[in-house]
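The block underneath contains the structure these notes are about, expressed in C-alpha cells.
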Amino acid sequence: MPQSSVRIADLTWYDFAARVKDDPIVFLPTGSVEQHGPHLPLFTDVILPVAVAEAVAAKLGGLVAPPVTYGYKSQPKSGGGNHFPGTLSLDASVFISLVRNIINELARHGVRKVVLFDGHMENQWFLVEAADLALRDQRAEGVHDLKIVKLGYWEFITKATEAALFPEGMPSWELEHAAVMETSVMLHLRPDLVRVDKIPDHPAASFPPYDVYPFDTTPIPPDGVLSSAKPASAEKGAIVIEQVVPDIAASLAKVFGKPTEA
Amino acid sequence: MPQSSVRIADLTWYDFAARVKDDPIVFLPTGSVEQHGPHLPLFTDVILPVAVAEAVAAKLGGLVAPPVTYGYKSQPKSGGGNHFPGTLSLDASVFISLVRNIINELARHGVRKVVLFDGHMENQWFLVEAADLALRDQRAEGVHDLKIVKLGYWEFITKATEAALFPEGMPSWELEHAAVMETSVMLHLRPDLVRVDKIPDHPAASFPPYDVYPFDTTPIPPDGVLSSAKPASAEKGAIVIEQVVPDIAASLAKVFGKPTEA
Amino acid sequence: MPQSSVRIADLTWYDFAARVKDDPIVFLPTGSVEQHGPHLPLFTDVILPVAVAEAVAAKLGGLVAPPVTYGYKSQPKSGGGNHFPGTLSLDASVFISLVRNIINELARHGVRKVVLFDGHMENQWFLVEAADLALRDQRAEGVHDLKIVKLGYWEFITKATEAALFPEGMPSWELEHAAVMETSVMLHLRPDLVRVDKIPDHPAASFPPYDVYPFDTTPIPPDGVLSSAKPASAEKGAIVIEQVVPDIAASLAKVFGKPTEA
Amino acid sequence: MPQSSVRIADLTWYDFAARVKDDPIVFLPTGSVEQHGPHLPLFTDVILPVAVAEAVAAKLGGLVAPPVTYGYKSQPKSGGGNHFPGTLSLDASVFISLVRNIINELARHGVRKVVLFDGHMENQWFLVEAADLALRDQRAEGVHDLKIVKLGYWEFITKATEAALFPEGMPSWELEHAAVMETSVMLHLRPDLVRVDKIPDHPAASFPPYDVYPFDTTPIPPDGVLSSAKPASAEKGAIVIEQVVPDIAASLAKVFGKPTEA
Amino acid sequence: MPQSSVRIADLTWYDFAARVKDDPIVFLPTGSVEQHGPHLPLFTDVILPVAVAEAVAAKLGGLVAPPVTYGYKSQPKSGGGNHFPGTLSLDASVFISLVRNIINELARHGVRKVVLFDGHMENQWFLVEAADLALRDQRAEGVHDLKIVKLGYWEFITKATEAALFPEGMPSWELEHAAVMETSVMLHLRPDLVRVDKIPDHPAASFPPYDVYPFDTTPIPPDGVLSSAKPASAEKGAIVIEQVVPDIAASLAKVFGKPTEA
Amino acid sequence: MPQSSVRIADLTWYDFAARVKDDPIVFLPTGSVEQHGPHLPLFTDVILPVAVAEAVAAKLGGLVAPPVTYGYKSQPKSGGGNHFPGTLSLDASVFISLVRNIINELARHGVRKVVLFDGHMENQWFLVEAADLALRDQRAEGVHDLKIVKLGYWEFITKATEAALFPEGMPSWELEHAAVMETSVMLHLRPDLVRVDKIPDHPAASFPPYDVYPFDTTPIPPDGVLSSAKPASAEKGAIVIEQVVPDIAASLAKVFGKPTEA
C-alpha cells in the first residue's frame, strides 16, 4: 500500500493531495556524492539523512521528498576535498537554486512546514541561503506562513551517545568524515555497502588554521578518511539512530506544533 | 560486492577511479516528480529511465550516475500539466545548470562519454542546452574530446513493439502519458507501486494546436492520464524492456566505439 | 496613415496608447537567423511568422510587436544544426529572458492578451518557460489577468492543406525544414528572396533515435535541407496562408473572446 | 540578387559563408522601441541606425546583422522616460547578454570585425559591457583577434552639419530626442512614417543635475519631445546622411584596415 | 560620541534604529579603484564622493552608508581605461546587483530616501539599472514609497565655479579625469595623498568619435591623465566644495521635503 | 609618502605597478555591516580584519586591497541575526561574485598570491566558492599559478591567548560575537568607537541544534550579544593582536614562500 509511504516518490498525486491537506511536515534530505574512504560508498551522505529523515517523518506523519543527491564541494577539513575521484559536486549557485526551487514547488502545492535535512556538512550555509531566498519568493507570491527548519542530523547526537561512540574521547566532529559515526551507522543500516575489510585505521588528520586553493593536499590522508574508523560497529550505529530519531522528532514536533505518532 | 555495481552511488572512490580508467560510458538518467494518474507513483519518470539505463549500462560496462529526479515543468499535452498536486518541477535555468554541472563534474574526473538518459519528455530541450553549455565549459578547461548522447528510451521502441503494445493502433506518443506503455513497464518492473484497481480507462485527450498560459484545463482529463491505460500488462512491459535495452545498447556501442558485453 | 498599422514599430506612442485601451491581442513573432538551404534566406523563420501574424492581427484588431529575430540553437533533426554558416542563435537563458522581458514590458503598458507566434521549431520549449516566468513576474507586480498563447503557425495546417502540399504523402513535419511548405510560402510571399534555380531535390534525411553532441554530421544533408523542396510552388504557399490565417484568427478569437474583423 | 545584399537576413548560408571568407566588417545596429513624440514612430531608433549602417556597410563591403530592436530603458533626460506608452525596454542584463551572444555567434562563424552601431543613447554603456564580455568569452574559446567598434552615428555629425541643422545655435545633443536631427533624417528616409501635422514646437526641456526614481515627471514635456522639432526638414536630413555615412566609413576603413568602395 | 556620526559604520544598531525612525536621507557613495595619474591615489573616486556626501548628510540630518568602493570598468575617454595597473573594476552585473542589494537592505530596515552619490562617471548607467531593479524588488515586498536620487557631485558645479577652476576656459568635463578639478579637491581634502611633484602638465587627450575594444591605446596619454592638472590648487578645491555641498543639500532638501540644518 | 603604504587605496598606479612586480601577497579583508550589541559599531567586522591584515601585510611586504565591507547574512547563532537594525547583508550570489570579481581583477594585473582575510564568520563558505570560481575563471584565461588562502584571523588565536582572554574558561567561539574577544580588540585598536558604559554582561545565549527560518528570535539575546563582554579589556585586545599578527605572517610566509620583514 504505497499510500502510507512517507516517500513522496511512491505516492500517486491523489495520495499527495490527500496528505498535504493535513499540513504535514515535508522533509527534504540533502546529501552529496562524495568520497568516503576505501570502505564506504559515494552515496553515504545521501543514504544516512534519507534513512533518518524517513524514520523521523514516520513518527510525525510527515512526508519525505526525493533527496538532493548532489551537494556542495567537498572541503579537505570536513570531507577530504573535491579532488577525490567520484566526488561530484555542485557550484553554490546551482545547489542554492535547486533547493530554493524545490521549496517553492512544495509551497505552491500548499506545504507550509519544510525541513532541510542535511547529511553533508558542506551544504549547510548554502541551505541557509536557499531558505532565505525561498521565503522571499513566497512573500512575492503572497505566502507568509511558510516555516523552514534546517538541521544536520549529527547535531542532535547527545553527549551520552558521543561517549558510547568514543569511549576514549572524541577527536572532533569535523574530522568524523567517513570515520566512527558514519561507518557505524552504515554498518547498522546498509552493511551490504560497507567494505569491512577496508575500514581504515590511522591517526586523525591535522590541518592548519587556514585553507589553500587550489587545495594543499599535504595534510589530507591519502584515503580521504579524516580519522580512524576502526572503532566503528553496527551496535554503535544502532545507538546513534535510536537516539537521534526520537530526539529530532521531538524537536520538530515542538517547532511545528505537531504530535509525534510513536 | 558493490564494486561490480553499475551505480556510482554504490561505489567507493577507489572503485570509481578504477572504473573510469577504462573510459566507460556514464549514464545520467533524468526524470521528474510528476503526476501519473491515480495508479502510478509520482516517481514513474525516474524509476523507468533508471531501470532501463542500468540494464543498458550493464551490457556496456558503463556506470549510472545518481539520477536527476526533479525535471522540467509538466505540460498539459505531454504530462497533464504542472498544476497537478505532487508535480514538483524545476525552472529551466535550474534544470539546465544542474545537468550541465553534473556533466562538468564527470568530465573533471576524466569521463568522456556521457549519456543523458531521459524519462520525461519535457526535459528534452533543456538537456540539449545543458549538453551544449557543458561542451563550452569543457573547451574553456581545455577538454575537447567529450561526447554526449541525449536520448529518450521510448524513442527506441520499434514498430513491432508498438504493434504489440497497441494491437488496435496507437493513438500518439505524446498522449502516452501514464498510459499503456508506462503502466505496462511499471507493472513489469515495480508492480508493488501500481494501483491496479485504479488503472483508468477513458478516451484519449484532445488538444487544440496551441497552448494557453496559465493553463486552460478544459481539455485535460481530470485524472491526468492522457489516454486509456486499460490495455496495459506486465507482459507488454516485458516486451518493451526486452526490446529497447539491447537496441539502445547496440546504438551506444556503435556511437562510442564500445563492445557490448551481453 | 501609420496609425492603422498592425505594426507597433510604425505607431507613435499616442497611437499605441489609444490602441491598448481596447485591450488588443498583441502578437510577438519569434524566429531565428538560420540556414535554410541554398535557396532560402537566413531570415525565413522571421519572415514567415511575421507575415502570418500580421495577417491574423489585421483580422482581430491586434498589434504585432517587433519580432524576436534571433532564436534558439538550430538542431540537426529540425533545422540542420547550429554549425551551418550564418546560423546565429541564442543561449536558452538569453532567449528566455528576452521573451520574458518583452512580455513584461507589454504588460507594464496594460496589455493583457499576448500571443507568442513562433516560426522556429527550436524556440518552442523556451517560449513555454518565458511565458511561465513572465506570469510569475506579473503576479509579483499584482497583475493576475495576463493570458498568453503560444503557437507555431504550421501546427494549424489542416489535413486538407497537407494533402494539397504533399499529394504523394507527407514525410514528417520535423523534416519540413527549408522544404516544400517553407519554400512554397516564401515563393508566395517573398519570391524576390528565393533562388528558384537552387531549390534542392534530394531524399529526406534519416536520423537515429538519439542525438549526439558535438553534432554527428553524418546524417545531415550537406545543403542543410531536410527533405526535397522540389514540389514547392507559390500556389501551394497561397493555399497554406489562405487556410492558416483565418483558422488561427478564429482560434484566438475564441480563446481571447474577441470578434474577428474579416 | 540577394547575394549582393548587405543584409545578413537576405543571404543564404552559402552567401554568408562566401562573404565571411573576405573577413568583412559586420555591423550590428542597436536601437529601441521608444516613444518619439506625436510625430515619429516607436521604431525611429531602429530605422535610423539600420539605414545608416547599411549605407556604410555598402561602402565597405560589409554585412549588417539583424538589428537589436529592443534597447535599454529610456531615461527622461535623453529619451523622455520609460513610462511613455509603447516604450518597450530591456533590463540591462538582458540587453547585455543579447548583444554579447550575437557577437559570440558572429565570432563562431569566423567574423573578426564587429561594429556595434547604436541608434539609442541609453544603450551605450551596456554595449561597452557586452563588448568586454564577448572578448572574454572569445579568449576562453582561443580567439584573440576579434576587434569591436562601438559608435553612435550622431557622434560623427560635424560642426558644419550641426550649423546646417541649427542655424540659430544648437541646444544640446542630449535634448535632441525626437527633435530636429531625428525628425529631419526620418523625413529624408521614411517620410511615410512621419506625421508632419504633429511636429511639435515647444521650448526645450530643462532638467536638474540629478535623477529621481521613480521618475519625477515634472520637467518632462508631456509629448515626450525634448526640444522643438519644428526646424526639421528632409533637406537637413539629407545633409546629415550625406555627411555621416562617408565619414563613418572612412573612420572604420582606417580602424579595420579596409578600403572603402565608394 | 559616535552616535552623532553621519557614518552608519560608526553607529551601534541602537543608534541606527533611532536614526532611521526620523526617515533620514541615506547616502550611498559609489566610486572606483582607478588610476588617477602619477599624482593621485587609486582611491580618488572614493575619497571625493564620501567626503562630499558626508558634508551634505551633515546638513540634512542624513546618514552615509559604507561606500561601494569598486566601480564599473574605467573607459579611455573618461578614466584612461581599465588596462592601467591598479584599476580594479567590476562587471556590470556585479556592480548592479551590489548596489541593488544594498538599497534593498536599507529599505528592509525602513529607509525610504536613498541617494546614490557617485564619484566615478563610468558607474552612472549601472546605478540607473540598480535603482530601477531595487524599486521592482521593493514593489514585490509591498513597499511603494521608496524614492531614490542618483547624482554625480560634479554635475552641481556652477558656471561660476567652473570659471574659477578654469579661468582660461574649460576643456570638457569628460577630460577632467585626474585633472584640475579632482586634483584641486584632493589638495583641499587630502593633501597627504597628493604627489605634488608629479602633477602632470600636458595637452588634453583627443579621442575619435567611436570606441575600440580591446582598447586602442594610441590616443590615451601614457600617464592616464586626460588633461593638464597643473592649474590645480587647494584653494580651487575649497571653492568647489564650498559651492557644491550647500547646493546639493538644497536640491535634496527640496526633492525629499527635508529642512537643511546648516 | 603613500608609496610605502600597504593600502592599495593610497597608491598611485605607478606605485601599484612597481609593487606588483615583486609578486606580493595581496590581502582582501572581508567583513560585514552587522549589529555588534549596544557597545560596538556596525563596522566592527570590517575594522578588525583590516587592522590585522594591514599589520600582517606590513610584515610581509604585502598589499591590502579595499575591503569588502558588506558581508553575508548574519545568523542568530554566530551574529545575532539579520533582522537587527543596521545589519546590511548581501545575498550569497552577490557576495560570491563580488569577491570572485576582485580576485580576477587582481590576477589580471599580475597578482598571483591572494589572501581572503575574513572578519565575519558568515562569509566563510561563500569565500570558498569565490576562490573556487576565480580559479576556474583564471584557468580559462590561461592563468594556472594563482594561489588563494582563506582565513579568519580568530582561527589563529592560540590556547595561551585563549586562556588570557578567558581565565575562567571559554564558552565557545561561535558565541564570541560582540563579546570578550571582539570588544577587547576594539578597545585596543579603536577605543573611540566603543561605548564602554554599554558593555553588556549577561549569560551566554543557548541555541537548539537546528535553525528556523524565518528566525525564531526566542533564544537570541535582545541586545544581540551572544555572551558577556564584561571581561573585555584593551590589554586583552593587545594580547590578541600581538599574538595573531606574527603567527598569521609566519604561516603565510611559509605558504607563499616569502620572507617576513619584521
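Miscellaneous remarks
Going in written order, the chains are labelled A, B, C, D, E and F, and every chain counts its residues from 1.
Assume contacts are C-beta pairs under 8 Å (C-beta built on N, C-alpha and C of every residue); 3 or more make two chains touch, one makes a residue touch a chain.
Everything numeric here is computed off the predicted structure, so don't read it as measured data.
Two copies of one sequence, chain E and chain F, touch each other mainly through matching residues, since over half of the numbers at the interface are common to both.
Among the other chains, the CA centroid farthest from that of chain A is the one of D. In terms of the distance between Cα centroids, chain F is separated most widely from C. If each chain is reduced to the centroid of its CA atoms, chain A and chain D end up 55 Å from each other. Centre-to-centre spacing of chain A and chain F amounts to 29 Å, using the average Cα coordinate of each chain. The residues of chain F that reach two or more other chains are 91, 93, 140, listed in rising order. Taken as a contact graph, the chains fit none of the simple arrangements: neither line, ring, star nor complete graph.
Interchain contacts (touch definition given at top) occur between A-B, A-C, A-E, A-F, B-C, B-D, B-F, C-D, C-E, D-E, D-F, E-F. For chain D in complex with chain E, the residues that touch the partner chain are 72-73, 75, 91-93, 96, 122, 124-126, 128-129, 131-133, 135, 147-151, 155-156, 208-214, 216, 251, 255.
Chain F contributes residues 139-140 to its touches with chain B in the complex. Put simply, chain F touches chain E in their complex at residues 2, 8-17, 20, 33, 35-43, 46, 65-66, 69-70, 84-91, 93-94, 97-98, 101-102, 105-106, 109, 192-193, 195, 198, 224. Those residues of chain C whose C-beta lies close enough to touch chain E in the complex are 140-141.
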